[in-house]
Every structure is written in structure tokens, then in C-alpha cells.
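Residue numbering begins at 1 within each chain, and the chains themselves are lettered A, B, C, D, E and F in the order written.
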């Protein structure tokens, strides 16, 4: 991304970076099956977006390649610019340049993005027309629901690295989103993280079986000794 | 409303204003079909209540004439006073005199208001019995859900202009509420706003068709030149 | 609870209190039928947990005996310790020692707790795997939904009195949770509170009937005189 | 204000209302001596702006006539328009059309407003250059301190009634601000409220003396009987 | 406290518990010298009130014995009741029965409490007249500053155990408050905690000297081996 | 930073990156003279950290090179690791891996960092001993003040790129902090941004003079025509 960074030198004029490389879509689709919590763990608990991003309907689960877009507060102009950069399998990731909960995105934009095979939206701001978006099954994770409209006056960057809900997201990275939230996997780490996530899922299946039969985590994970070393004591309620 | 204002002179004793004029119910019913985002836009982005007001169940959509009610913090006495002022088609709009999230309203009050053909509740505070209210299909937009009960000790004003969730609402104004939030239309502007909202909806249908076929907003709205003037540049990711 | 308190003297080493006495499960099950708002009122508006605790799915209603557990921020170790103390009918109540919204609890722990007949979870922190927990019908009231994982490094107390979401909860107390929130009833007061709650529900049925027929609360509760004494005036909108 | 309202019909084009009538400055100056809490009480606990508005330095106390100004989110254009409407004794009151914490106002604007004898700023948004504003002794009550700059693209209304931090403020109304917060007094009620506030202050002086000598409020306000009627009981800690 | 608890059985009528035993004032005064962070550590990181409680002026430091008081939302009646229970060295600790930021306490009440030798106020709500309280040097830790006045209608409990800002506080417990916040020490543990706190302070003096000379905590606490075991790696920035 | 990124592949084991290149300290010192708002503007409104970061005392102003440090929630272990990497002129920038307001940093750590000539602290979490830090003139910008102590159990990364309070900060970047907040300037852009910031400051001096003499921004910036084009109308209050 050095190139894109170069263009932003000292906060230069806004750019749209074209022809961004994406993570492989076959990998992306496998991530969707695993879910956010598993991928986040497989990535050693990194890459999670802030938990205030919530889905507009549940259940919802999707994975895609990040199509990143900055927007000015109360200004959704760049969403019209970003859709031209979309490729099938993309997931739109939007961050305002200062905190704002206005309704940047609604039915018309969703219609446009769906026509370009974008799979959903993650936005650190507000969204509207949520009843229609729900009917259309266009999944959205947002900070707020707000009918408040926006203007089209101030340009900003499209397809550059952004910070969205506290996480650093680069264009083309893998985004996975479900009822638990949203996680980003850097595109170059996708194969490794996927492999670890699958391994984790396999292990969890076995653990689930054992826990379902009543086995204690204390025994399964051999925790008793370490707990004792840390000073945990067992006592009885007096009078019992 | 000069009269009512007069009664509140310097914060005088609390009043109940009777026989308030309402917006025409035929108009009100048409607003419900259009939804909050459209009406808000038709009104040039004014009149929206804060986005923290959320419906207790979804989908929900309603329009009514504002029956306004102030309440003291932790005190729902005036809700019993306000119901006597209700007319069919009203929508109860409640604002506490200082921020409070207690559960001011529940099944019993909903039963009473429904018996008087009130269509729903917008409250900048808490509500309870939400499972029952959902079964009864009594729609509520609130700041919180809370089982916390309230006392009946301190009078406040009924059917006077209030500020509810950041918006100025006068008795008899039109209130429209749906999954996107709540908007108020001053009763005297209702015909004009309705006309604009219908026009907007017609335009949107055409735009939706075009966007659905893949046409870009950049072209449909002829944005490219203005973006260039504002300095937006297109670059390619290096190495591509 | 003096004994447990003794063990915590000056913030001593962490303890697990065993063999805690629980409220009678027959009473507990009757509480579930009454719901949170009614019980809270019957208890003279005490015992309610903060309203930011929300159910992960709706409708949900459950009652159980509190199995209390402290956890360090970002550390869910004690949840593995607490399950060993579970008895059928318990409801897990978790409070972090400092505010944290990480996802302390997910599918594996739910599987384990269900195997030990724990009825649900109240947690002043985050939870994950909410899609799976919903399918499993394991009810949870939490402050947040977050995929963020936790470590297992720092012990804390199990089955001691805790403050959870602003309420004081002792092990074995009755916890009732539904769509309106969560309330705690001290185990020794359970019979009295239950009796009052039943009485209240009976009264409410009659009031609901009268209100449903259009009778005003103003008359039913004979409020008019007191309102006049407090200075409430009735006026008419000028010009009407 | 009907005229100004007329201009905003259905959310019409933005206006600047000129030649607004102000409250009498002699009265305004007397309000400053009394302070916010006293005025708020004298006005029967109405007119207070939300408590999240805080002064940028303390102590600070000022009163002025409201010069009202709406601004778009992240856009401070109208602050340059409003200063032309300023008269000596005005106090600038700013509300964004949707919530925003950007730094709308800094040293340059303060220099301009001071040159036009504006006494201070109340803003339901952010402010910057607070170290300089403090040196200049230009008092500001704001929701946030933020260095974030704003654009100049979207017009909004100047000198129309606004909702600022939850209170309805009309141009020319009296604004009093001190370390406790901000209160608005409708200009036509100013003489009556001032009279009541002075009376209250006189009473308080006497009460303060008596309380300072150790007399109890219980006796001074003759509360004991009413407390007993409400069921308050006195008990002793067991074992004492 | 069983007795007091008994009186609150099932949420019974409100009580004032008289003649509560306090922690020894000589111990209390020694706590004030040590400060909140040290006492909190000495108590193994328990007893801290939520960090949103902030002092109205800084620096401030005080210790006292808890005089506990519940108040209804927007109702400060009980503060007039509580002062009669005050003894020299007490510190008033106030918790509303539901969250409220109104200004419960101001100059008149401070005058009254100072006359009864109460040392300060900790309140999980709002306070007003902060400029005057600052001049009077009456220290207050509060959740908010608000000029909003309160009514006197609803009784609540005085000198019973309460939850204040997330901590469980019993009448007579030691409260220490300074610029860092507020901590409670159960009265029966005061001697032990004080002893530990003094020991900690002595140790810290030595550590401070060593760190001030540039010694690393890594060496002073012998952390390097444990860090390596946990997998921490040292690498160099490439190209350096 | 590719190297450091490589080490974090898929969330690998934690690393300490040594020998990080810093921005030139002469440039850094010049930034301190200019202040945050000016630098932020010179950088075209990028690089600002969230406005909830506030200084523990005012006025305060500092610039330094970022010494970045991640910490686990409730765990300050890495702060002992980071100090070994400090160079004179550094400013410590700390981000928790999940939101936490505990008091990670106090007098002992400040003593250690001052001994290593670190100029201050920016932390997206809590800090304690603020009275002492104020006396020591060790400037801190934090999200919270909290006496809550932390453990030393979980390693995290030191001197890698982090997201702190919503901004992307790389080790060695320039950090400027004052009463208005905190801004980051990428080290390679420092000369260009500094040049622009100086130019801006020169321009502002002239503007300040003209505004101070009463000239309107409307005229100085030639805004009237554009406002008219956007439809701004001037009207008079009726009856005047």
C-alpha cells in the first residue's frame, strides 16, 4: 500500500485507488462458514472491529473482500464513487473521517451495490431504510440506525487503508461478519489463518462433545493445579 | 400555541391544554405509507428525533397526531392525565423533564390508550412489559427498556409544546415512526410536505430501476465533473 | 454470608464457596410465571439490575438460583471453575472486577453449563456465539455481544456476594429475567415477595379489564383531587 | 416568531432572520449575578440545557441574549454568517443539525465575535484552541473539545428558534451560563423570572444562616410529619 | 447488618438506621494520607467505585466514615433526613434508586452538612453550585454537574447498605477519595488493610528511587524469563 | 513496517521491534510550538486521535516520537517492556487490545519513563496517581482516570503499528498533544506537514488582525456570493 500512502502524503488531495488486489474469493467463502469468533481466535485475537457494530437483522453471516471508503461527516458522496470500484465478492467498509451517526446508506445505494454484486456493508456510522434492506437481504453492520440524510459536498479517499471501528482495514483484505460482529484478516495471511481456523473448529467439535457429556473444563484443560498455585481456595458456606 | 405558552409563563403551574387542533387524519394516514426517511428528506432534513429512539419490535410503522406529555423523572402520573385528552388517531409523545430511563409505560397503560384509539408511543425514556406490548401490537419507540417502576407525585404539562429526543414537537403535529426512527411534521406544513414526499417517492422508483440495472450514481447524477473540480484523483495500486 | 465475607477479608486470596444454600426451586419456578416487572413491583421497586443488560433473543423468560462468579477483565478462567459448583436450577450471574465488554462466554461454555442443568446466564460483560446460543435456546442477558476472546490467567471469587449491573446478588438468591430485564430476590424473602407478586397480578387483571373498557386511570385511582391540590390546571387552546 | 417559522415552512431554504428583538440588557446583566441554579429554580425548573455542556475553564459566569445558529455536521459555515447579526451583549448559541463533536469554533472566530462584543459561546458540539480561548477569557460551554476542523459547504438557519442540548432556544432569549451549566429564559418572561430569582436568593440567605448554625432542614422545613405519613421508620442497628 | 436487612424484607417500608457503628476515626485519618490507589492495591484491588465519579475540584483528598443515603430519581428529600444521622468524620455517600444526573446537592445542603462536620460527598448522580462548593472547600465526587433541581416526595433508606457506582458500601465503612477516584474499605478490615497499605507505600519508595535512577522494571521485577516463556520475541526493524 | 507486519503474520507471537527509526527531533520540537489544531489542518484534517482523550492537567503541550505499546485488558505488563526501547524524545502511545479503562500507568512508571527521557503518555485507557503526575509535570492524555490496578500476565506487541483512539500510529511517527487533543504525523511526511503548518500559522496571524478589527469573515473570505447561490435568504423578524 506504499503507493496509496504516497498519494496521501501529508494529507494530500483525495484519491481513488483502482485495480486493488483482493484476497482469493474461494478462501473468502470458506471463512464465511467458520464465523467471526473462530477466525478471531485463529488469528490470535487480532483484527476484531468494535462491538458496537451490530447487524440490522439476525441471523446474518457473510464474508467478502474489503472495498474501503472514507466519508466526511454527514456526507455520503464517496459511496457513489466507491461502487464503480466494486468487484463481485466485495464487501463495502465505510469509515467517517469524524464520528457521525447519520444515515449514509439506504435502499437506493443497496440496489446499486447489489447490482454490482457487493455482498454487504460494514459502516462505522448510521444506515437507513432498514426494513427494506432486511427484505432485500442485504446485510449491514452499523453503529446506528438513522433516517438522517447526508449531503454530497466533500470528497474523501476510496480504496485506501482505513481505520474502521478501531481496526485497520486495507482494501482487498478479508472481512467476515456475523451475529457476533466483524473481523478483518489481512489478505496475505488469509491462507494461514484459514488453516488455523479449520484446525480450531475440529478441536472444538471434540471438546463440545465431552463438555456436553458433563465433563468439566477444569479436568479437560487440566486447570486444577495452576488454580491452586495461584492461590484459589475452596471453602464451605458456614453452617452447611 | 401562544396561549399555552402564556400559561407556562416563567415556568408557572402545570397545565393540561384541552381541545388542541390536530392535523387532518387523512393526511396522517398517507404519511404512514411513505415512511420516515422519505418524509424527513421531503421536509429538507428537519424534524427527526434522535436515533437512540428504537422500536420495541420490528417491523413497525405508524403515523398519528402528537398527544404530548411531560413527566417528572421516575414519575408517570401525567400519563394517566394525558389519556383523557386522547382522540382517535393520536400518538402519545412523552418527554421527561430530566433524563431518565425508568419504565414509565407498560401493559396497563397500553390497554388504556388502546381503548382510546391511540396508535402508539414515542418516549424519550424507558418502557416495560415489552413482550406483552409486542403481542398486543402496540408499537413503541423508546430510549430504553426497563422494568423500573415509577411514582405518581409530581404534575407536569400535558398538550404543550415539548422537546422530545432533541426535536420540538407541538400537540397535534404529525408524527411518523418506523424501523428507521421518528420524525415530526408541523401540522400546518403537512399538506406541502406530503406533496413533496410523494414526488420524491415517484422519483426514487425510477432511480431504483436504473441503479438496479447497474447504472452508476456517478453517471445518473452527473457527479464526475464536480468531483474532478474538488480535486479527486484516480490512481492505480502500484505494481498492478 | 458472613463466612464468605470473612474469607475475603481485606481482599484476601480468591475463594470458591461450596455448598451454598439455594432458594427453593418450586418457588423459583413460580417466579418465572410472574415476570420481572411484577416481581420488581412486589418487592417495592428494589433488586433490579441495570437496564443495559439485554437478552440475546426475544422473547425469553427464565428464573433460577444465582450461581455467582467474578471474572478479571478479559479473563474467563473462573467460568470453568464455577460450573463445578452448579446445581440444577441455577442461573449463572457473572460480574467482571472492572468494566469489560469482551466475549467471556460462548457455545462451548453453554454446552457445559447446559449439561449441568444451568438455566441461563446474566453477565455484566460480553457474550459470543449468539447465533448458536439462540439455536440452543440458552438464554443470556448481557451488556454486549462481542467475539473478543479472553485469557485464563487471573483467579477471582466464585459463589460470593457480588455487585452485578448495579445490584447486590448473593449466591442462592432468586434471579428472574425476561424481555424487560433482570431482577434479584433475596432467598430469605422469596416466599413473601412471591405472595405479594401473586396478589399484584390478580389486582392487575381486574384493572386491565376496566381500562380495556375505556375507564380512565384518573377515575379508577381517584387521582383528580390530588392533582388539583398539586395545582394542575385545565385550559383550552386559545381560539377553540 | 410565527414569521420565522413561516420561512422554514416544510423545511424551506435556509434563512437569516435579521433585526431580532432581544431581552433588555439591564435585566440580562442582573441574571448573571444570580447564577444558573437560582434562575432555573425561579423558573420552576424549566429551561435547563443538558448537563453534558461543560465550561472550557472554571470559574466562568456570563449572561447574554441568544444569537442562534444552526450548523450542518462537520460544517461551520454559518458561524461566519451569524457574526454579522451580532449585537453587543449577545451570546452565541449553536446547534448542529445532527450530532457532531467536531471543533467548530476556535481562536479566529472568537477574535471575530469578541470584536463584535459577543459575550461567549454555548455549543452542542466541539470547540478547539481552548488554551487560547482561556487566555482570551472568552467563555465557552461545549459538548466536547476537539481539534477536528470543519468545512464550509452547507447553509443552515441563523436567528431562528433551535433546540440546543435538549432545550428550546429562541433568538433574543436570555442565556445564563456558569460552572453549573446553561439555562434559557424566554425573553418575555425575563422580568417575572428575575423577580422570583431575587426573592429566592433572599430566602436562601436566611436559610443558609440557619443551616450554618446546625439547624436541621427536617425542622426548618417541617418535614417530620410528612415523612412519617409516608411510612419512614427509625430503627437502631441491632446490638447497639 | 442483618438487622437493617431484615427491615428491608422484601422491599419493606423505608428506614433510617440509627446509631450505626463507625470505623475508628484515627484509622480513617491515616487512610487519607495514603490515597486511593495505594489503599485499593492493599485491599487486593477490591472496593473501587466506578471511575466516572470525578472530583468537582482538584487536588482533593479526604477520608471519612460512610453515611449512606438512598434517593429516588429527581428527589433529594432523604438528604435532609440523613444529615440528622451525621457524626463528625462522616462522609456522605448517596445512590439514586435508578440512574439520574439531577443536581441533588448544592450550597444549602453543603452548609448544613459542614455544620455537622461531615467531610465531603460521594454521589452517583449530579451536584450543583460547584463554584460555591469549591470556594467552601467542600469536596465532592459526582457523576455529573447539573443545575437541575429535585423534589421532596418519595422516602428511601438511610444508613443501610447500598450499591454506589458499582461498589457495595455499608454505613460506617471507610471511604477514601482523591483525584484518582473513590474506594471503600469494610470497617472490620480497616486495621489489616491499613497495615498492608503502609507496607506497600514503604516498598514503593524504594522502587521509586531505583526506577528514578534508570533501573528497568524488567530487571527490578525479574520479568525477562517469564516473558520469554510466554513467547515474547525481540526483532529488529528490517533495514536497520 | 513490512518487517514488523510480517512478524505479526496471522496474529503470531508477540514481538518487540527494536531500533525503530524515529522522526528527526528538531522537527518534532518545532511541531510542539504549532499545536494540534494547526498541525491537523496542515495535514488536511487527518491524523487526529479521538476527542475523548483528555489531558490530566491544563495547559499542557508536548511533541515526541511515538513509542507504541499494546496492552491486554487489565494488564500493564508491556509497559515495563516498552521502557527499555525508549529513546530521549519519545512519547509513549498505548492501546489496549480491547476497550478498558483501568489505571495502567501511575507514579512508578512515570518515574521510570522520565528517567529514560520520555516526554509524556497518550493512552486509550485509564491512568492513576494523577495528583502526583501533575506535580511531576509528566503530561498524560487518557480516556479515563482510574485507580484500578492491573496484572502482569499477558504479553503483547511493542513498537509495532497500532490503532490508538481511532488513529493509526506507527513507531517513530510524530505525536503532538495539547489542550485540544492529540494528532499523529507520519514520520516521512513530517517535513512537508511542518512547512504547511508554518505557512498556515503565518496566514492566521494576518486573519486574526483583520477579524480583531471587526472585519467579517463573510467579506474576508468572499463568501456572500456562494451563500446566495446555495439559497441563503435574509429576512426580517415580522413586526420589526
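Heads up, the rule we're going with is that contacts are C-beta pairs under 8 Å (C-beta built on N, C-alpha and C of every residue); 3 or more make two chains touch, one makes a residue touch a chain.
Predicted model only: the values in this text are computed from it and were never measured.
Chemist: In this assembly, which chains make contact with subunit C and also with subunit E?
Modeler: B, F
Chemist: Can you give the shortest number of steps from subunit A to subunit E, where adjacent chains in the path must touch?
Modeler: 2
Chemist: Quick check on subunit E against subunit F: do more than half of the interface residue numbers occur in both copies, making it same, or fewer, making it different?
Modeler: Subunit E and subunit F contact each other through largely non-matching residue numbers.
Chemist: Would you indicate which option in E-F, C-E or C-F repeats the interface seen between D-E, with over half of the contact pairs matching by residue number?
Modeler: Within E-F, C-E or C-F, the interface duplicating D-E belongs to E-F.
Chemist: Could you give the separation in Å between the centres of subunit B and subunit D, each centre being the mean of its C-alpha atoms?
Modeler: 26
Chemist: CA centre of subunit B versus CA centre of subunit C: separation in Å?
Modeler: The answer is 31 Å.
Chemist: At what distance in angstrom does the C-alpha mean of subunit F lie from that of subunit B?
Modeler: 40
Chemist: Indicate the residues of subunit C shared as contacts by at least two other chains.
Modeler: 45, 48, 97-99, 101, 146, 148, 154
Chemist: Check the chains against each other and report every pair that touches.
Modeler: Between chains, contact exists in these pairs: A-B, A-C, A-D, A-F, B-C, B-D, B-E, C-E, C-F, D-E, D-F, E-F.
Chemist: Per the contact definition, I'd like the list of subunit A residues that touch subunit F in the complex.
Modeler: 5, 8-12, 42-48, 50, 97-99, 161, 163, 166-168, 186, 188-189, 192-193, 196
Chemist: Mind pulling up the subunit D residues that touch subunit A in the complex?
Modeler: 72-75, 97-102, 146, 148, 151, 153-154
Chemist: For the complex, which residues does subunit C have touching subunit A?
Modeler: Per the touch definition, subunit C meets subunit A at residues 1-4, 7, 13-21, 77, 80-81, 83-84, 101, 103, 106-109, 111-112, 114-116, 126, 128-131, 134, 144-149, 152, 154-155, 159, 171.
Chemist: Which part of subunit F faces subunit D closely enough to touch in the complex?
Modeler: Residues 35-37, 40-41, 45, 48, 51, 54, 58-59, 61, 178-181, 183, 204, 207-208, 211-214, 216-218, 221, 223, 227, 230-240.
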